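In this document, chain identifiers A, B, C and D correspond to the written order of the chains, with residue numbering beginning at 1 in each.
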Amino acid sequence: MTQTRKRIPIERVSEFVQDGDSVWLGGWTVVRKPFAMAYELIRAGKKNLHLVNNPGGPETDLLVGCGCAAKTETNYIGHELFGHPYNFRRRFEQPESNQGFRHDDWTVATGSLRIMAGAMGIPFIPTKFLRGSDILNPELDGFRDLRGIDPKVPKRKFMMLKDPFWEGEEVVLIPAIRPDVCLIHAQEAGEDGTVRITGGLFLDYYAAVAAKITIVSAEKIVSREALEDTREENAIPGEAVDAVVEAPFGAHPTAVHGCYDNDPWWFRDYLKASKNEGTMQKWVDEWIVGPGSFKGYLEKVGARRLGKITADPELSYSATIKRRLDKLEEVN
Amino acid sequence: MAPNYSRLEMMVVAASRLLCDGEKVLVGTGIPLVAAILAKKTHARGMVMVMEAVAFDSDPESLPFCVADPRAVYRTTWTPTSAEVMCHFLQSGKIDVGFLGGAQVDRFGNLNSTCIGAYGLPEKRFEGSGGASDIASLAKRTIIIMNHEKRRFVERVDYITSPGWKCRALDWKSDVMRADVGLDGGPHAVVSTLGVMKFDPSSKEMFVETYYDDLGVSIDDIRHMTEFEIDLSRARPMKPPTREELAVLREKVDPEGIYMRY
Amino acid sequence: MTQTRKRIPIERVSEFVQDGDSVWLGGWTVVRKPFAMAYELIRAGKKNLHLVNNPGGPETDLLVGCGCAAKTETNYIGHELFGHPYNFRRRFEQPESNQGFRHDDWTVATGSLRIMAGAMGIPFIPTKFLRGSDILNPELDGFRDLRGIDPKVPKRKFMMLKDPFWEGEEVVLIPAIRPDVCLIHAQEAGEDGTVRITGGLFLDYYAAVAAKITIVSAEKIVSREALEDTREENAIPGEAVDAVVEAPFGAHPTAVHGCYDNDPWWFRDYLKASKNEGTMQKWVDEWIVGPGSFKGYLEKVGARRLGKITADPELSYSATIKRRLDKLEEVN
Amino acid sequence: MAPNYSRLEMMVVAASRLLCDGEKVLVGTGIPLVAAILAKKTHARGMVMVMEAVAFDSDPESLPFCVADPRAVYRTTWTPTSAEVMCHFLQSGKIDVGFLGGAQVDRFGNLNSTCIGAYGLPEKRFEGSGGASDIASLAKRTIIIMNHEKRRFVERVDYITSPGWKCRALDWKSDVMRADVGLDGGPHAVVSTLGVMKFDPSSKEMFVETYYDDLGVSIDDIRHMTEFEIDLSRARPMKPPTREELAVLREKVDPEGIYMRY
């Protein structure tokens, strides 16, 4: 077996990400998002990141809001039913806050195909989706002025080709996604990087393989022997992972199957704060800069709130938490 | 006596009735999820409820907050990724019904969930397609559910996120029928807070099939709340929710009022 | 949950396969091959089958030898170290036994890509493999005279395309595989068709989704509840399966992880018999036609041999069986 | 005193020595498997042994009979399919070493495992490529292992299953260097029952690096058993197997003699 020990402390994550890198953020909207690592990137003041994911959640809105991202390339950025991605929106709706920000719209299926192509090392893949939609409208291509110039952006958004093999249908060729860095949060990982994920892998395996560098934070670092016992549940081989971080509650405020649920208090506060630049900056100071570390952040969240969102082991989610922000009761 | 249910509830019940037992239904986050679970817990026990992120043949005990929610995979027997759900099942034509919300719809059932106004500098930017464009493209039929407002039922959507019956040509310079760009399926119904709209088999334009008469909705209300001219000639009153439908919706599907906002 | 009960007796399998169909045979060379179902096709006298698999094992050599197959399209047909596929070979080496038989050569990776494309419903997929190899040599295309004529054969074997998105590499487009029927043997299946496979799924998931009709035989039919408990190990959803058959030892003489090992006595006898048409026909009469059913076949194999190959539950294979055919001891 | 080991054993030992600790090695069924397991159980404990069907980071306790054998996945932590191994790891350039056998090899390391004679009507038809063509195409380097016979070391292989240094052009009408068809990597060594051959960095032609002197092999033997002209000027004697190498091979790797035919 491979002998490499890849464990690093969370403070070292930002060394693996360079300004300007394309970064895939694993998970799905408000589930299993690599928040502890995203907070590190913000504290390290990363700039000009090109964020790719499928789809993006609060971590993406936050990185946009903190000025870390110059480009987003995804099918969705939002908080599901909790509310709207105000930082992301502001870049569009208020030209003065745009700051050269660019966004390229895709879809869940085509993003899946594109990161699969990236994992396979092939430059493109055909699809039957996108025909008839403005998502391919060349006049509405958010990356139009970057194509052929920015090496992290494909030279074209798509190409049509008539199938030469079967019925001769016109299909759409779409480019692979090739991230520089992939950040994933998982339930368990081994010292060698093997990753166990339950209750939904999303596209994390493909992204881990497609990226040049992959870092996984996990609720728990487990032994090789434990991972041998869960073989059919292990989702990513250690060979696709460059570093692992032990970070309990490392996806907070998003949910982790079998571990904890969404933190509605976080969403309530964040949504209120993110509605304008000023309150947003105050929120960042209070919740990210101030605590100074992920440990400090969790202490600020508090054991009672973390207890409230802890999952029922049988159900894999919290059976008691309330999720309506307008009727939320305080915990303290 | 005033009805003891809301337009939101009528909308969810009306939508749930369009789902059939035995069908594979690909459901989006939000109100579609509520209506699909209601169908599954009433008349369509054998419906296979699928969500793009991970849930396949889902039968949740507690209402999922999104399509990746651990509630959605409780006691399922398969946890695919969006590669399997969207690329293998949907793209290869194996999904019977796509079930979607949106911000704008037009007479041909084109859906916009991207932005209001010009794409480059919109009045309002939304979260984006998610899987909506994919689902509307290749499900065998699509059901749309949304609030009935004039700014939502528009002459022409500001951006075609999800193609309806008449959508963009492959040169993106004109509009053509969806079959001309290789798409099967198409919008089957738009279920709103005022009634249920379907599409004329030959013109592919939206018409009113039923309206929520019992809730005081008139066909004139629909006319006024719809920006484009809509055929009202076939409109008939909607059958109100049954006691069972309301009880299951309120007590089992969304007791917390997360989506139904009681 | 889906309510459909899809269980059929093994005798009905042949009703799902029509003469001339393209048939995917699951498993991998000498592992988890759908033998019980292949025997049914032989007893039913199926003709002109177009066999696709990745790769083929003794079941393919046998179907070729029994005259059931008119075409094979795969990367390998053989018995691994046990010996050579004499029936398949004879179709090439002895023109008088060719009978219009056609073979199209591929590779493991490109066969994988092709069945993945079939599962995705896209007509082709790009690859970086095959360049420089005679496998694409147009003059050595085994299906050359069928292209554009036989609807089960792609119109072309491949097409070159210069990548328009990234570095401009010349890649090879290869056609999807679209089987009419897929036959798989698994460890467990539910009445609704959900399939649990451990120790190697091979390409069975993709083939099950790509095929118009999929039939799964399983060592054991298990309850819905049992399948809920093994969720992350379940490989194929019931929605991709049209019929399930309970067939203990249904992959005999090939190995099934956790259940049984290869039967070396079978390979010894088969290899000896398959060296010429006459002895082959005798073997078929003795082992397939004579016993009349899979039950009769297993009785003929005998409980002692089946006991010998039974897997150690801890190891998932038999720790005692000897695999050198030249030193095999009899069991009786 | 005559050596207490066979040419087959020397070949396996010589091949195992070419594998390094820490490398990801994609191994074919047969003798390559034996040599790779020997390396893993001696000097290359941290080598990641991968097999195309399912085994990833394999460290078997009992010799697998093929790359899909349950023995290959015993206590591994991941069971991929050939889609992951071949498409994700190999195609994307993540495999360090490909390790293959074959029926014929030529001076440029092209391998044939398809047929002897004309493709349409061969003297001898083999099982086919399996994963050999893929592995030889995109592993960072390829090691070939085969019996040294004149009918195997040929002027020109009858069919290029697996491309070597000079292979088919993209019009399939001429031969070109592998870089010209977009392939990286290439044959690194051919380990035979007589010696170890490498490829000249500039001409890309095979030359003899070592021969099994202790077993009575001379460079003239290699010349006579090779159909094409081969450079012998750099040949030096091979270091015999160590006691440990032989002990591990005989007692741990293949005690039954399945591959080694004791």
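Following the convention adopted for this analysis, a residue touches a chain if its C-beta (ideal position, glycine included) is under 8 Å from a C-beta of that chain, and two chains touch if they have at least 3 such contacts.
Given the structure is predicted, the values throughout are model-derived calculations rather than measurements.
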item	value
A-D against C-D, pair bridged by the larger set of C-beta contacts	C-D
Whole-Å gap between the CA centroids of chain B and chain C	42
CA centroid of chain C to CA centroid of chain D, Å	27
Contacts with two or more other chains, residues of chain C listed in rising order	113, 120-122, 127-128, 169, 198, 206, 232
Residues within chain D bordering two or more other chains	73, 79, 87, 91
Overall pattern in which the protein chains touch one another (line/ring/star/complete/other)	other
Listing of all chain pairs that touch each other, if any do	A-B, A-C, A-D, B-C, C-D
Touching residues on chain A, where the partner in the complex is chain B	27-32, 54-55, 74-78, 80-81, 84-85, 88-89, 92-93, 95, 105-113, 116, 127-140, 160, 169-171, 198-203, 205-206, 255, 257-258, 261-262, 311, 315-317, 319, 322-324
Chain D residues touching chain A - in the complex, by the definition given at the top	22, 24, 45-46, 48, 56-57, 59, 73, 75-80, 84, 87-89, 91-94
Partner chain D, residues of chain A touching it in the complex	1-4, 119-122, 190, 194, 206, 209-210, 224, 227-228, 231-232, 234, 236-239
Footprint of chain C on chain A - complex, ascending	113, 120-128, 154-156, 159, 161, 163-167, 169, 171, 173, 175-176, 178, 198, 232-233
Chain B to chain A touching residues, read off their complex	29-30, 52-54, 61-62, 65-71, 73-74, 79, 81-83, 86-87, 90-91, 114-115, 119-134, 137-138, 159-163, 167-168, 170, 172, 178, 181-183, 256-259
